[in-house]
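In what follows, chain A forms one complex with chain B and a second complex with chain C.
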Partner chain A sequence: MVKKASPPVFFYFLLPSLIMIGIFIIYPLIYTFCMSLFYWKGRTIVSFVGISNYLDVFGRNNIQEALVHNFLWIMIHVPLCTILGLFLALLLRNIRGSSIIKTVIFLAMVIPPVIGGILIRFIFDVDVGVVNAVLGAIGLVKPRTWTNLPDTALFSLIFGSVWLWTGFSMTIYAAGLEAIPKEFYEAAKIDGASDTKIIWHITLPLLKPATITVVVMNILYALKIFDIVYVATMGGPGSASTVLALEMYIEAFYNIPPNFGAAAVIAILIGLLTLVFTIFMRRMVK
Partner chain B sequence: MRIRKFTIIIHMIAYLIALIWVLPFLGLFMTSIRDYSEIALGWWKFEKFNPTLDAYNAVWNILTGPPSMMVSLLNSFIISVPSTIIPIFVASLSAYSFARFSFKLRDMLFLTIVVLMSLPAQMVIMPIYFLMAEVGLLDTHLGLILLHSSFGLPWIILFLRNYFRTLPVEVEEAARIDGASDFRIYWQIVIPMSIPALASIAALQFNWVWNDFLFALIFLQTPEKKVATQLLPMLRGRYYVRWDYIAAASIITMIPPVLIFALLQKYYVKGIVTITKG
Partner chain C sequence: MGKEEKKINRRDYLKYTGAGIGGLIVGGALGYLLKPKEVVEKTITAPGVTATTTVEKTIEKTIEKTVAITATPTKPPVELTVFSLWGATEEERFLKTLEAFTAETGIKVKHVKQPEEMRMLVPMEFAAGRSTADVIMTPWIAWVKDLAKEGHLIEVTDLLKKDELIPIYVKLGTVDGKCYAAPFKAWAKPGFWYRISFFKEHGLTIPTTWDEFIKLLDTLKGIPGIEAPIASGDTDGWPLTDVTEAFLIYRGGPELQEKLIAGEVTFTDPQVKAIMKELADLLAKGYFSEPADWTSQIDKLWMGKYGIYFMGNWMTIMPQVKDVKDLGFFPFPGTKGAVGGGDWAIIPKYSQHLEEAKMLVKFLAGPKAQEIQVRYGGFLPTNLKVPEEAFTPADKKVVDFLATVKVVPDLDDAVGGSFLREFRSQLKLLWVKPDALESVLEILTKAHLESTKKA
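For the complex of A and B:
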């Protein structure tokens, strides 16, 4: 008797994952690329238009603004979060009650980003906001709702989001610090190195992997930013605080009738930027 | 003497920073337990202070208009629990075959899955919307559960595959010699040995699904089906912002993820550190 050939076990083990990833990730991914090449009327394809959706989208003011805002987000958010996180991780090494402080700071990462957005709107509010109370007490400025003004909306969001994400960088750096063997410090101390020298020449170089993780994750986050903006400002006033992911949502699911071709172009733009930044950072490592 | 002074200053800076970080949460909490007329003067002022649970009562029941917090919180659970269990089970099976079997295209397939991990949701969301509309899964909890489960797969596969590889093969080989099937080895030996990793994954996946806003916003439209994170932006009053309602609803919504973080903190942080290293 010859045993009938049947697919090996690993095939059955893989199958459910492959089906789900195929249906909900691979197929839609390819579909989105195709969508960007057609002219859409509502949910029906009218005609193949090649790259004209791309030209249309990149020519728009609100998209260019959104792109600039995403870049501003990266330029401000990434260095601030990284430096603050590192500073806190170093600072909290020898503090009594540091685990509670770390937990409190990380808490902002645990709550839904939607609540993060609400909290940002809340602390910058004209009536109930603590920012106005503090600045007013010093006598600096007239109270205002910072997230509602064209000049300050975007920056309020970015600084608020730094508040939300510093816990992440701090945690990654704290884990990185723990992994450094104590002997390194002891050897340096015996050689008579000062504290600042130890941090500069031993700690920081050994934290390079942690830094790369922090920077990459922050960039990916800044490129995809949506929840906070949607809840706190909805991109307003006008398009003063809009970002790419929000513009994509508005094109596809908010405007009536939707413009799926344009939305697909924005989605692809976000995806490509994500890819480029990830590859760029990986290259920097090597 | 100088050293002591330095230590005190460092401690003061640390506690000040902690205070800055906790202040918004404190404000949210104070706002949720005070009457609207008191909040308008500033939640940090205490000349008049009559704590009340009115806002909680209002959002928990139907007083703010449908859906109530009670219903949307239940919806959040209905979606988050299966969306945690399903992908862990499905992903662990394939992670096991990636870790222990060798077959054609294995490494290429694995690399593809890893690359998909940082894929922005925007790149797939519209075709999924069409697909769900076609098969009648739009505006259903089942549709959202399937979506969350599939989206969780890549990172869980990566996480578990790396973890499985650290487990000793000898135990599995011994069981195989005793005649155990591959599925039995996976289910009765590998899975029980992976409890710490599964705890990390479960904590993170549950919180990510619970905290999700974008998917729910697009796929759930009937008010009674909406989840808690969706309800929050809807609570804004028509003429002025009802901060007391928003604060109470926010506090209720963040309890489950905060509780999970508090209970599984070690696993949670370990999971975050492990998964972002890749």
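For the complex of A and C:
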């Protein structure tokens, strides 16, 4: 009978990784939490304030708005990316030249997010934007710079971000589709199942792992979104398009003097939200 | 039985090897960190050289380090590093000044353009006790004061000839009686710029009263091709703050700006509220365009899509201005004040070449360096010894105008804190939604009170 290796052996081999995790994850986490308990003036600790920073930050309108915006981002971005990605993957399956088309769609994903933000500004610009060119041609609405308006700024960024991320969803789904055994489809066809029934009863259930990957990655992205917002609107006009990561950046690096206590609180909040979602998704997978 | 014994031996072997490797790593790391260091001072002398050498002895090896040399016949060439926010044309012109310094002193200077994030990156270096830059050019005087209070900067009082410099610029860089920022460049936001030929073509005249100003705007509105009478610039909102502050000064006087900076009044003050309401009414009437990239708005001004554009004196050197002789400006009619600011040179105490850095800063605050810049145009000197004939006609008009008004600091730059961002951000909202004035003023007041209390 083979005995399992005793824990101490595994521990010794895990030790280097544990040290790295300790230095680069555990220590910064603990330090950030400690930072959030102090009042900072510039880069100097002034006094211990306990949870006062938390009460102050959570009471601010712009933080509450940022939290709502992050949730809106999840509610709109995740379903759109998922559905569009699946649609494109199904559409381009077994089509000649599909690899070129998929590559072109995926190109948006390899654009650095900062460049993506600049592109989104141009896309929604009143003079040179493609959105206004299309809407103007249809005569639907008067051309405006949609990222300038409080009612449309956030949605412009979300839809622009959907364009950037759909390539990722499509690629994951395309890989998932390739993994489904062809025999299932053959058997279904022999039994007389329609295309819709095949997709609903065979394809979608078997794409569950891919769907979970796409949804989890999209949610984590939506919670941490920063670059696009920073470049395209800086959270404005007012705080119409602000998000938590941007508020954290402004507290720590934009305001003079910086407020590291408040920034640490927002960082803890983002971390907690990410943790909650991750635990929730893991339970769903099980 | 034999096979089982072999398995047990392998497991034990792995256990002991793992423990040994782990112990070696941990022990080695601890040993390096905790080992004692001997410090021995030794004086080395050589003809013409006096040196003090500190010798650090560790268990493994001896390191000799020369920490101070008072005179040496073979000093390595120094190259100073200067940070600034300037790029493109401004950088090219600044390089000419640096070349003049090199020609005079033989000290080479390397200029490195920095992004706005410099105000975050530089303090991080300072916190680590180092600085890549020997001299930093910056317009953020509130930031400079913070750095000075934290002890990161060298005092430059003795480098400046105060009687040659505009007093307010020296005062702004002073903390507790010591000057830490040498004034280099002045800038101002004098008023609305326009194309002289465009005005001539449409029979427009410069307004001398408020009624004439409104009449001008109404006339501009009716000209074919005009999208809006006044162009509005955007990036993160600073062009909007410029015209708002000019309007506050116009209606409330430069004293109102000073009171806002000091926190003596805020945005719920009846006078301030009334002025902001008037501005919101102008916005609601469509006199201002929607905010767009501030440099492309200059293009559109030049193409006749806008009539006038409120901008700083650097307008005269913008590449989008095709003919500076065709460019004119006028202030809010009868205004008593204008916003002005500057760029200052500071020296981090962590600079490896302090003496050379001081020489550069002294040069930059002097008339020769500033005259080079003035001759290019779009540059207002802080040194009063720069000859008048060096000024371009466009800049001369700005200087002549500034001599008739009181120059006050930029509001959001001077107040800083969360107000800096909120002022810019909320004005972007007000520009596209003038009926949001009440909520804008509420948010501005909160940020203003917070920031002026902490100042």
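Going forward, the second predicted complex is superposed on the first by the 261 of 286 C-alpha atoms of A that agree within 3 Å, B and C clash if a C-alpha of one lies under 4 Å from a C-alpha of the other, contacts with A are read in each partner's own complex, and residues count from 1 in each chain.
In this text, a residue touches a chain if its C-beta (ideal position, glycine included) is under 8 Å from a C-beta of that chain, and two chains touch if they have at least 3 such contacts.
As the structure is a prediction and not an experimental result, all values here were calculated from the model.
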### Task
Return first, second, both or neither, reflecting whether A:N255 touches chain B, chain C, both chains, or no partner chain.
second
### Query
Who does A:V141 touch here: chain B (first), chain C (second), both, or neither?
neither
### Task
Examine A:L204 and indicate which partner it touches, taking first as chain B and second as chain C; both and neither are also allowed.
neither
### Task
Name the contact category of A:V276: first (chain B only), second (chain C only), both, or neither.
neither
### Message
Contact-wise, after the overlay, does A:R43 reach chain B, chain C, both or neither (first, second, both, neither)?
### Response
both
### Message
A:F13 in the overlay: touching chain B, chain C, both, or neither? Say first, second, both or neither.
### Response
both
### Task
Applying the touch criterion given at the start, work out whether A:N61 contacts chain B, chain C, both or neither, answering first, second, both or neither.
second
### Message
Contacts for A:L88 in the overlay, against chain B (first) and chain C (second): which applies, first, second, both or neither?
### Response
first
### Query
Is A:G238 touching the first partner chain B, the second partner chain C, both, or neither of them?
second
#### Entry: Partner contacting more residues of chain A (chain B vs chain C)
B
### Touching both chain B and chain C, residues of chain A
8-9, 13, 16, 43, 125, 127, 252-253
### Task
Enumerate the contact residues on chain C facing chain A in the complex.
7, 11, 14-15, 18-19, 21-22, 25, 117, 119-120, 123, 127, 140, 142-143, 146, 150, 234, 236-237, 290-292, 296, 416-418, 420-421, 424-426, 428-429, 431-433, 436, 439-440, 443, 454
## Note on the structure
Given the complex, residues on chain A that touch chain C span 2-3, 5-6, 8-9, 12-13, 15-16, 41-44, 61, 125-127, 144-145, 148-150, 234-240, 250, 252-259
### Task
Spell out the residues on chain A that touch chain B in their complex, using ranges where they run on.
8-10, 13-14, 16-18, 20-21, 23-29, 31-32, 35, 43, 88, 91-92, 94-96, 98, 100-101, 103-108, 110-115, 118-119, 122-123, 125, 127-128, 130, 133, 163, 167-168, 171-172, 175, 209, 213, 217, 220, 223-224, 226-227, 230-231, 245, 248-249, 252-253, 260, 263-264, 266-268, 270-271, 274, 278
### Query
Once bound in the complex, which stretches of chain B touch chain A?
7, 10-11, 13-15, 17-18, 21-25, 27-28, 31, 39-40, 42-44, 90-91, 93-94, 96-97, 101, 103, 109, 113, 116, 118-131, 146-147, 149-151, 153-154, 157, 182-183, 186, 207, 210-214, 217-218, 229, 232-233, 241, 243, 246-247, 250, 253-254, 257-258, 261-262, 265, 268-269, 272-273, 276-277
